[in-house]
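Next come the structures, one after another.
Across the two complexes that follow, chain A remains constant while its partner is chain B and subsequently chain C.
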Partner chain A sequence: MTIAALSRASTMIRVRDLQKTYYVHEKAPGLWGSIRSLVARKRIAKQAVQGVNLDVEEGEILGLVGPNGAGKTTLVKMLAGIIHPSGGDAQVLGHTPWERHNDFRRQIALIMGQKAQLWWDLPAADGFLLLKEIYRVPDERYAKNLAYLAEVLDVTKHLNVQVRRLSLGERMKMELIAALLHEPRVVFLDEPTIGLDLTAQRAIRDFLLAYREEHRPAMILTSHYMEDIERLCKRIVIIDGGEFIYDGPLERVAKTYATQKVITAHLRANVGTPIDLTAFERFGELLPAEENEVKLRVARDAVAEAAAALLAGLPVADLSIDEEDIGTIIERIFRERRVESS
Partner chain B sequence: MIRYARLYLYFLRFSFSRAMEFRVDFFFRIFMDSLFYAVSLAFFWVIYKHSPFMGGWNFDQALVFAAGVFLNDALHMTLFSNNLWWFPVFVNKGDLDYYLVRPVSSLFFLSLRDFAANSFINLLIAVTILVWALTRYPEPLGVERVTLYCGLLLLGVFLGYVLNFLFLVPVFWMHNASGLRETYFGLGQLSGRPDGIFTGWVRRLLTSLLPFALIISFPTRALFDAEVGSVVLQMLAVTGGLFGVLLLLWRFGLRAYASASS
Partner chain C sequence: MSPRLFLQVASVEMRKRMSYRVDFWINAFVGFAAELTVAWFLWTALYAESGKSVIGGYDFDTMLVYYVFVIVFSRLVRGTEFEANVSQDIYEGGLNRYLVFPASYFGLKYAQHIGGLFPTIVQTGAFVAFWLIATGGAGGESITPTGVLMCAASLILANLLYYAMSFPLHVTAFWADNVWSLLVTLRFASNLLGGRMFPLVLFPLFLRNANEWLPFRTLFALPVEALLGRISFDAWLQGMAVGLVWLVVLAQVGRAVWRRGNLQYSGIGI
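Presenting the complex of A and B:
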């Protein structure tokens, strides 16, 4: 086998020029608008996904980042075979997802943080038995996988409790077990930590990393929590208005888009008299800071000058210069795009 | 087939477990349905006090027909009605998603996953009424005819399910199927009338394109009429044809399924 063939063999998701257009009708407000729309409707095409290309390899967790309505969930649902695209092509494990071959569906899993798949009034263990039958998981493998997943996620003692009596975090863990019992080779995670407390979020992130190490599935993760993305994904796609505006390593986002840095000056204790900071505003934006701290966001090319001014003008004990955090950078990218398009 | 039978056993188990979680609702539903049968039987008796024949059937034949109506209703309520009731809601809220990623027929899953366990006792009551109506029939009916009748009655239940679903599938495109659902319920009432009361084009329509008259009347005809071959053939052809249409519409419907944004 050639290197090229080997490389192709590890590509589990391949997307080319994939598009999805929804049609909605516009209605003017009020009763008259309703009457008019009853007779004649203005149909509007909304391009949810606009000709995107993507490859995801075995063992890779790809982070899909974008604001609400950016097209993240639409893309995931097309790749999971739930909705048909308007154009383009996608291959997941060599299958066209929306043809929904059983061989394809047996090898994928979908987890949606906002939708439950388990039977609400029954213990999760009952739901798992149904999934065992659906995915034809042999008895021995089922017992082994269930024991492993329940132990790692620390929910063994809750398996026989009705799903509706579980906490949100416990329910999400059960949903993860339900999705992974059949050892899928491709996993789609649509906001799996939404609404969870910090401990549960962390537990799920740790679990996903451990699961990736052990099983090497290709995963696509969408999340509004940047911590999910930063902890789990080495590569991200930034999507907005159905278009990919960045596809590459997470660490390169800062290098590519960060135009500013944050200088934090830690002042010596007992400075005494109040300090006038207005002189530093000419370098950039003063940010809210702790007591005895000054935070200044400045353009990258003004960092040296601003740092020197802070050192000269203030009783500085320590000084740090940081990149903006990734969430702030991405937020700014979206904000600037909104301004440009308006 | 065996796999689907095993899956259905799980649905049964889960549905019974869930129904028995809510005890008051469980017993109340049984009480309400029993009341429905009692009122329907009393109404039937009153009608036959004033008319010796209806749609060509005498009192004893019509009693079997009425028992068939009860059993058909009980089977439909127990097997399909909960599932079909929720189907348009699932389409509009995007709740089909998980059904579509499972490696089993989504139509099977969505049609049968929720067995109305609290209607199960009523199913037994309906069976009892039918057995009573058949055994009190003054002439011998013969095992073969009764077996054929039971088979066609089940086929009628399946035809009723297909018709019900056909009236709901447009929700993929229309997004609101309440008008069609009400139309189905209205037309569905016609299956509880002997087909003999319909004549002309109405009869042709109700035994072909909108075959509500086939659902219970035709199985009953197979029990009492001399000629049964055409009855069986017509039921099989119409049911098979409409099921084919349903499968086709299901395929197209899923292509139009937009899910819902999260």
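Presenting the complex of A and C:
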């Protein structure tokens, strides 16, 4: 095999100019609105995804980031084959998802934090048995996978409890097991950690990393928790209003978009008298800080000057210069776009 | 879809329904008793009023037996049509999960439908036992083993046929906000034309002739008439053939509507 063929073989998700427009009928509220809508319904178009391009390789976890209504779930729905696009193309494992070939569906999984997929009335164990049949998982592999997944996610003792009686975190773990029993090669995770406490979030993140090491699936993850993205994804795609904004390494987001840095000066312990900081305000914004600490956010090109001023004017013991955190940067990108478009 | 999967899905649904509380069973019995009582009063009056001992070829006892069986059979044929159904899946977003599964949605739903029949089968046994004990099987003297077999075959076709009739209606949930009214219309039409309200011999001749070519007769009248030996083998066979043709046609309609609906499905609820 040539190198080109090799690299092609490992691209599991390929999306080209994918678009989705929803049409909804608008109806005025109230009885009168209902009556009027019988005669004339106004159809409005909503462009949820406008020309997205991306590739995901084997073993890669792609972070899909965007504010509410950005089109993340819509993109995932198309790639999982639930809905048809309005234009463009996508190939997942060499299949067109919305044709829904069984061969395709046997190799993917979709996990949605917002919406339970397991059967509410059944104990998780019974639901898993159904999935075993649906995905035709051989007995031995099923037993092995279930034991492993339940053990790692620490839910073995809840397996025989009706799903509706589980806590949100326990249920999410069951959903993960349900989605992974058949060892999918492509996994879509739509806000898998939503509403979970920090311990459960961490457990799920660690689990996903371990799972990736072992099975090397291609994954697309959406989340509003930056920690998920930072821990799991080396690469992210940012979309907003259905439009593609950024595709590249996570760390480059900061380099590309961060216009400011944060300088933290740790002062020598026994400074005593309150210090006047107003002199530094001309460099940038003073941020709330710990005792004996000064935090200053400054434009990139003013970093050197501001640091020098701090060193000269204060009893500094130690000084660090950091990028803004990634969540703040991304938030600002969205905010600025709002301002531009209005 | 593999038979194993079908059985598994059906058996899960069966266990779910069997675990329902007592009121589910009480409702079933009360419903049965109420319907039968109404029929009893109505026909007592009608026989008395007309002064006849035989109406449309039925004497009073046989008429009641007709109702016993048409009531229980209609439950077997329809199943619990408003539960775990397709339109609900479409409205509430349950469909999304099924669309990701490497299995036919229709197959999975029909398996659930069949599994959900199980309590009804148990009820049918109970009602028939009740009839045998309470009346010593009065009115059922003409039942033969061949009749029972013909009836069983009829019921299988009728169940498939009713599902095939309601499936396209459920699928209109992709466009319509409320499929309920369509389902109620189907229910009424099939009650009337299927012989669920009264035996079809009571219709005027031209209606009976037209009805021969409609799918409704196959649903309720055919199994009961076959059981009670009130239909010749040839006539039964013809009824089955008509039902079978409708089944094939409706299955194609269902498939086409499903395809169209899917093209513009927007994956609501997620």
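The criterion applied here is as follows: the second predicted complex is superposed on the first by the 320 of 342 C-alpha atoms of A that agree within 3 Å, B and C clash if a C-alpha of one lies under 4 Å from a C-alpha of the other, contacts with A are read in each partner's own complex, and residues count from 1 in each chain.
In the analysis below, a residue touches a chain if its C-beta (ideal position, glycine included) is under 8 Å from a C-beta of that chain, and two chains touch if they have at least 3 such contacts.
What you see is a predicted model, and the numbers here were worked out from it, not measured in a lab.
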Combined model on chain A: chain C and chain B, fit or clash: clash
Partner chain in contact with A:E191 - chain B first, chain C second, else both or neither: first
First, second, both or neither for A:G69, with chain B first and chain C second: first
First (chain B), second (chain C), both or neither touched by A:I220: neither
Common interface positions of chain A, toward chain B and toward chain C: 22, 73-74, 77, 80-84, 100, 102-103, 105-106, 108-110, 112, 114-115, 117, 119, 121-122, 126, 129-130, 133-136, 190
Chain C residues within the chain A interface of the complex: 2, 4-5, 8-9, 12, 16, 93, 96-97, 99-103, 262-267, 269-270
Chain A residues within the chain C interface of the complex: 22-23, 73-74, 77, 80-84, 100, 102-106, 108-110, 112, 114-115, 117, 119, 121-122, 126, 129-130, 133-136, 190
In the complex, chain A residues that touch chain B: 22, 69, 73-74, 77, 80-84, 100, 102-103, 105-106, 108-110, 112-115, 117, 119, 121-122, 126, 129-130, 133-136, 162, 190-191
Chain B - residues contacting chain A, complex: 3, 6-7, 10, 13-14, 17-18, 21, 94-98, 100-104, 254-255, 257-259, 261-262
